[in-house]
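Report on the structure given below.
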Amino acid sequence: MAAAEIESVLPELFRGIDLAGVFLNGVLGGIIARRRRFDAVGFALLAIVSALGGGMLRDTLLQAGTPVALTDPYYLGTALAGAAVAFVIRLDGTWWNRFFILADGMVLGCWAATGAAKTLSLGLGVLPAVLLGVTTAVGGGMIRDVAVGQVPAVFGGNTLYATSAIFASGALIAVDAAGEPELGMLAAIVVGAGLSVLARWRNWRLPEH
Amino acid sequence: MAAAEIESVLPELFRGIDLAGVFLNGVLGGIIARRRRFDAVGFALLAIVSALGGGMLRDTLLQAGTPVALTDPYYLGTALAGAAVAFVIRLDGTWWNRFFILADGMVLGCWAATGAAKTLSLGLGVLPAVLLGVTTAVGGGMIRDVAVGQVPAVFGGNTLYATSAIFASGALIAVDAAGEPELGMLAAIVVGAGLSVLARWRNWRLPEH
Amino acid sequence: MAAAEIESVLPELFRGIDLAGVFLNGVLGGIIARRRRFDAVGFALLAIVSALGGGMLRDTLLQAGTPVALTDPYYLGTALAGAAVAFVIRLDGTWWNRFFILADGMVLGCWAATGAAKTLSLGLGVLPAVLLGVTTAVGGGMIRDVAVGQVPAVFGGNTLYATSAIFASGALIAVDAAGEPELGMLAAIVVGAGLSVLARWRNWRLPEH
């Protein structure tokens, strides 16, 4: 494919990764609900928080209109479909884990880039863009952890999870500044997935205090 | 009374149930503050979160102006009055519990309908309307539970509490679609109170995982 | 200095106290992250929540534009600088504690006044102004406490902390109503610092239930 052709399919690719992320995080919320023996309402609420909480938090902070999680007709249904799958099927095993780590890394990069790009587009600076990139990527998981009484995993002891989101946001910001927003999104997905998968594989962690 | 007369008193009835709900949930926040031996500030904060947290969460998510909880001159004072009553009087006993379950069910239906109706009025879809109906009805209690270090009761082990709010939101949406918003509110209150009281009485629960 | 001269330096003084508060609460978030052995991401997130969470909560509730915490170019960097200091230096000892209690009290008064003044300026009433004054002053600490799995200290067992914020908000509202907003801010800082330092020194507490 020529470069122009590649660029023309990127928006659909990003949309696909985004919705896959909503589905995956809906499943993840459901898996945690299953572990806690919650009922169907608990599955639905944890799936919605996991899948859409980060974007909702970003959009309420930015105050640039009703959160996409509520206006996009696919988001809520996709998150609930994830919850339903986790309700019916018990997902584990080596292949599920390998698939999940890769897919989760791509989603992390995609969401970090979305958050950073939206923040920049509203005229805010680089630091808020990184913060809201990270919020979009890890905020839903943080709220979910707090809701079930756990200290958020991103505070420590994880393998460069929020750190990957910081670098993915940075990749978007750098390439976006060069006038290539779509390539920036692609770069963020590659950086986010690459770094988070590598860190998980090699068990890289930030030094804890 | 003729149908037209009934309809003309409905708005005041709904307003009464709404404010009674703020008061009751202020009392409920205060009862929990008393159990935890909090001081007067803790009573006030838990009462405000319990009574107004769901509506505040709905209104910050909808981003259609400053939350009603702050602009309505009666809400904050009514929630604090509930806290004050719980501070002074120890509320328990069979009759209090019976009264509370019925009143709480009516409020649940009223708030679910309010949240669903407001969401629809902003042009959002049915799924967001149900989500924000449930948020209005149970969101304050969820935030309160998390704030005192408990896993929200609505996640599991309760007697169809959020489920009643789902059905109440659905009742509002159905009757509202038939062009009768006020009857929709009435239907939601009947459905919410009926189902939650029945479920409490018969100890109905969703299957847990 | 003449009264007019004093008034002309007040805005810079308030700005200084405000930014000092962001820094101090960034340090405080970092101190808690150090105690919990979080990594650098945990330090940064707790610092941001501690230092900017109250103002963010106020601004999302007021819905009068993107939170100052994101639009002001100094806030995020200052909070992160506080986290960095706490990461590198272990802050304790009698003199640090004495300095901290006084500085924290001034910040508490300054933030309570800022929140109350902003609420009044949007045409809201006295009760919401007090609520959002207290939210600005103690909201960040509350969210931080909940995030690390603790019941917020302001609910009980503290030495008139939120109470000092209530009185500081009240001082701003009273002096502002007399047509002197800048003196109101000054009064709030004096009242907030005075009452909270005095309460800490004399171990004054609200009666617990």
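Here the chain labels run A, B and C in written order, and each chain numbers its own residues starting at 1.
The rule is simple: contacts are C-beta pairs under 8 Å (C-beta built on N, C-alpha and C of every residue); 3 or more make two chains touch, one makes a residue touch a chain.
Just so you know, these numbers come straight off a predicted model, no measurement behind them.
Q: Could you name all chains that are in contact with subunit A and with subunit B at the same time?
A: For subunit A paired with subunit B, the chains in contact with each are C, in label order.
Q: More than half overlap in residue numbers between the two sides of the subunit B-subunit C interface, or less? Answer same or different.
A: Different, since most residue numbers here occur in only one copy.
Q: Using mean CA coordinates as chain centres, what's the subunit B-subunit C distance in Å?
A: Each chain reduced to its C-alpha mean, subunit B and subunit C end up 32 Å apart.
Q: Where in subunit B do residues touch two or more other chains at once?
A: 60, 63, 146, 149
Q: Note which residues of subunit A are touching subunit B in the complex, please.
A: 33-34, 36-43, 45-46, 48, 56, 59-60, 63, 65-67, 70-71, 73, 76-77, 80, 87, 146-149
Q: Residue numbers of subunit B touching subunit A in their complex, please.
A: Residues in contact with subunit A: 60-64, 119, 122, 124-125, 127-128, 131-132, 142, 146, 149-152, 154-157, 162-163, 166, 205-209.
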